[in-house]
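One chain, chain A, links the two complexes that follow: it is found with chain B in the first and with chain C in the second.
Showing the complex of A and B:
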């Protein structure tokens, strides 16, 4: 890897641009208006073109005013078309931004001789050229884009910090905000103006299409990672910065592995952001796919284990003099989850295994009694309240038994006036007071 | 430090027991509306796309009462609350709160929107949501201080949700979410509350908790207007009813107004049909 000061400036520009976008992107994601980022990033084009034609310069201030107005118009038109045209909001957005984008393209092509604005550059950006265009301000010579993006990021950070709770409220509950005197509409349009300004600032570096990835991806990933508002804002910015750094490094290294020259940094930033998002989707602590699969697996394992304990307990009740129980008799369904459950039960010493025969330990019997008690209490309870045939009770109890707590057991036994047997005539096991006091239903002091 | 708007109420008000409610200002309104009413809606009409949803709604809410607003689906109950709160535009009409236009009296009005109106996946916990009710009092650009969090916590205790303060709101049940919304309204310490279907989709214990809180509010001299659906509980819960179906069919004390005749007028043919069915079934049972 051949790192020069050019690369440093490209990375700094990328990081500033990604972080500014990520911060305002949070409000788009939280208000479920992600498409608005798409719309605004395209619709600012006529604003830019008109600003160029009027001032015939690439002076930043005119550019930003043009973009801010175009952004505001997009948000307003979308609302109006949605409201008065009886059109769905996303359709209203589609109508507005494509029309505005087209006007912008026509203006650029028409006025092409007067303005040095390249449509390709607008779409994809040219972050690689950023370090060449420098401005000296306060005796500091920095790339122009760094000055601009730095200021925009500062504005965005100040905006989010100063109006921290107002933004949170207007995103969460605009109606309440308005009744409290915080006008949610005004806040919405101010936010959209900031989105427009941020988009334009990032244009030169990453273009109008990739900027959408920068607005939406970090915030969406952060939303998966945390359920705290402040943390989400912070995490989205970290995510954005990491994507930008890794994006540039990949842009100059990955293609060389395959024997090509380096590739577009802006493109790679978006690709890395996408990859990181995919990882987040899988590995996020609570909402990630893996975590959900893991929790489901844990639940299945618990249910399978409890079913095994219950079966062993019932067999102990019915067989007269055999303290050990054969595998085949106990586990007809030899599913992998059942095997896993058996292994787990043996490991935690709830059952013992000798030559394919299983037996409950004291600890296992304690849990088994609890479970069977829940099962039979539930059957009795359901039989009391619903006019069901006795053979209809088992299935419901088989499902419910795993979720009945001791408090629920207590409530049921009190309501059932301390009943001793279930509707099938089977004994409801007593509440075992502690693990030590358990006795084998037939054989006192069965060995562990 | 505290930017709470200056409270004009210094002399206690004979009409309202709530000491925070401002002294009514006598203004010659030129019509029969009593200027002391916590909420007077004057000739309000609301239309969506030229189709009127509310037509010439006119009523006064008596101070210190629990008012149930009843009407069929699409009768404009939620619309009435939203229009009164300036959340949607009115085609005509005025809304006065304690004798002054609503805009000047925002701090006296608490609003509980429908539970479905917000995104419960939003990254905040129950305490954060309750503290939102204080944002006006905290003032622009200021942080939520520990003192504010304490009053939010007290409101959560009042609705029996103190144990869930740090719980992310998507992990709460529907009833618990509704209680959080109610706590957020309580913390506003308003004199007039407008609640949009607080009983919708809640469990029995939450319903009881909400009713208890409504009664506490009334004892404190507050006025509460509740959009309500369950006709069976109207007599138990409310002193006053407003029967609404685009227009106000009837309003007044529950004993006088909540009659089968008025309900039939409100619900149009639908209830009559049910009645006929009930009659038919009853007759079948006899023979």
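Showing the complex of A and C:
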């Protein structure tokens, strides 16, 4: 890998365009309009073509205006078709942008003889050629794309800062925003204009794929990492910058590992952003798939363990003369979660195991009594207040028992005026004051 | 009335915007002097009568494709997944590229079509799986899931194409056609393949029509009835992937989306029933395919894929405006008729109530006297909150219908027909008021507005029902007396008291 100043400029261009796209992309993702970015970036094609055919030059300003108008028209037409034709919004979007794209394609092909405007260029951009086209301004000689993208990024940042509160409100609660006097419709079109401008500015250098990717992917990844609006904006921009840098590096290195030449930087930036998103999707602290799976696993393990304790306690109650034993056969042995729960209980010394026989320890019995107490209190409570048949109580209690806290137990026992038995006639275990005072339920039963 | 005005704005704008882009196109091309001469009559006949082998093949292919896309697109649109095709068609690109590389590595030419299509289908299916995963496991919504899969997969595809381009110059150029399509270069075997796939798609949809219908309109109900929702959805998705993949070469990746979305969306304006909608959608798809192929055969250097889409969008615009079920013009006419009817009924009621309030009214014999009394324009104007312009228009219309008679000195009275109609209207109004008072417990001073909204749409059966409910208190089938003072301003004074109106009413 030989890094030249060309590569530096490519990376700077990529970072600038990625960051400006990511910033406005946040509003698209939050307002559930991500596909608008896709639609606008395809639909600017006729704008570019018409502007080019009118001015017969690749002058940035005309192209810029043409494309921005086409972008706005997409947003307007989508809105109108949705509103007046009562067409579903995504379908309206699909109709609008494909039609505009087709018109653009025809224009380009018709004018293609004299024009050096290649549809492929619109899709992939020509980021590799960026450093060759420089402009001197204020005695600074920088690539043209850097000037343009830099100013667009400044505009985006300024806009976001000035309308920080308004944008946040319209993103999360348009109805509330309207009642507070913020015109959600105006904000919608302002956002769409920004999307169009950013798209157009990024086009020439990085192409439409990268624009779509940068509008949606970093913002989505940031959305999975945080619940805070400001943080999400900042993180999405960092994501975008990182993918741009890594994207270019991998574009010139990864293919060589496999024995190929280098490849499109824009494509690889999108791929890197996708990989970053995949990582976030799996490893995000709260929203990540792994964390969700882990929490679900923990919860099912807790429920399974508590069910085992409850079962053992009830067996102790029902077998009057035998020592408190239980065959492993009474548990759903084929369920791996139950086996895992038993192993966990044995490890933490809540039950003991001797040749396939389980027995509650003192500590286990304490927990089991808590659980069975919750279960029977709930049954009694439901029977008193909800007029259910006695044989319908168990299922509800079986689900609820795992979530009943000490305070709820206390509230229920007071509400039920210190009742002693549940609707099935079973004794509600007393509140064990501490683990030491546990006694075998049968001894207690004998005393009572 | 802001709504008709908005409709009109839209109508003009749409009318202007649509052709203008097309007109502009032709203007510009003439500026650029790209010699687009009109085809001769002879040539037109040649194309339309399918005399050329090439044209025949292309037309056959595009029509089959349009038909299949129209059928399966309808399912997709009704499942509210119109943009799913967008994401899936973009997601096929890396598969095509990888298949090419693999085939080249194993010594093939890399352009073996079934191999490329297999790669495309696999990567489309992978994209679908990713969308499902993101939607199922994260808080991101469908739109973000589609966007992520679309852009990342397409980015990967572009990167792979980039590698291929540097790997084997010249050979890769064929793959570009998957993005933009090369309709005109369609071979007979391609067209046959498209036809087979189209037949297959239509056949599956026909066999599973009942299930798919249920799924499209009420997935929750279908699930509660024990239908395997997930598997049915998977079948629709699989069909979409197949149709997309097969259409890629013909019209290209981006315009394939148009064939999946536009014909069903256009068909929706013409019917409210599924089966006709599928037929219309398939018809629009096939017609666009035909017209697109014909245009590109007639006019040189027009990309057929894009023309197909432009034709389809034109049909969409026409359907949006003139569709018989949901078209804008149709709805606008309905709306205008309704508001005219409402205004006329309001006028009749105002005239009737004016005459009823006048001193000359005798309870026993309402009709001749009521028609004899007249009201001035000024009086009518303050009876409701309507503009002078609207009132004048309504009066003019009523006069032309011979319901109202105009007299000298700008006074108006009901004709015999008008009186009968007015009595019906006033009766509906008061029956509904009485109903609200007796059965909905609403104060007499508050019922006027509620009745005002409903009186115009009370059907005969409903009036009968109301009569049945209220017959005990008001046995007469004639116009019951108003339960409140007619003039809303004086009505406030007697709020809460149910007092049938007697001859003299208070005037402010």
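Keep this in mind: the second predicted complex is superposed on the first by the 354 of 448 C-alpha atoms of A that agree within 3 Å, B and C clash if a C-alpha of one lies under 4 Å from a C-alpha of the other, contacts with A are read in each partner's own complex, and residues count from 1 in each chain.
The working rule: contacts are C-beta pairs under 8 Å (C-beta built on N, C-alpha and C of every residue); 3 or more make two chains touch, one makes a residue touch a chain.
Only a predicted model underlies this, so the values are computations on that prediction, with no experimental measurement involved.
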| item | value |
| --- | --- |
| Superposed partners chain B and chain C on chain A - clash or fit | clash |
| Partner chain in contact with A:281 - chain B first, chain C second, else both or neither | second |
| Which of chain B and chain C A:107 touches, first, second, both or neither | second |
| Touching partner for A:50 - first (chain B), second (chain C), both, neither | second |
| Chain A: partner with more touched residues, chain B or chain C | C |
| Contacts of A:292 with chain B and chain C, given as first, second, both or neither | second |
| Partner chain(s) touched by A:226 [first = chain B, second = chain C, both, neither] | first |
| Partner chain(s) touched by A:425 [first = chain B, second = chain C, both, neither] | neither |
| Partner chain in contact with A:181 - chain B first, chain C second, else both or neither | first |
| Partner chain(s) touched by A:172 [first = chain B, second = chain C, both, neither] | first |
| Partner chain in contact with A:86 - chain B first, chain C second, else both or neither | both |
| Contacts on chain A seen with chain B and repeated with chain C across the two complexes | 32, 84, 86, 223 |
| Partner chain C, residues of chain A touching it in the complex | 29, 32-35, 37-38, 42, 46, 50, 53-54, 73, 77, 80-81, 84-88, 90-95, 98-99, 101-103, 105-107, 109-111, 113-114, 119-120, 123-124, 209-210, 212-213, 215-217, 220, 223-224, 251, 255, 260-264, 266-271, 273-274, 277, 281, 287, 289, 292 |
| Partner chain A, residues of chain C touching it in the complex | 6-7, 10, 13-14, 17, 21-22, 24-25, 28-29, 31-32, 34, 36, 77, 80-83, 85-86, 133-134, 137-141, 143-144, 146-148, 150-163, 166-167, 176, 179-180, 254-255, 257-258, 260-262, 264-265, 268-269, 301-303, 305-310, 312-313, 316, 320, 326, 328 |
| Chain A to chain B touching residues, read off their complex | 30, 32, 84, 86, 162-166, 168-169, 171-173, 175-182, 223, 226-229, 231-232 |
| Footprint of chain A on chain B - complex, ascending | 49, 82, 85-87, 106-107, 109, 111, 113, 117-119, 122-125, 128-129, 132-133, 135-136, 138, 140-144, 168, 170, 184 |
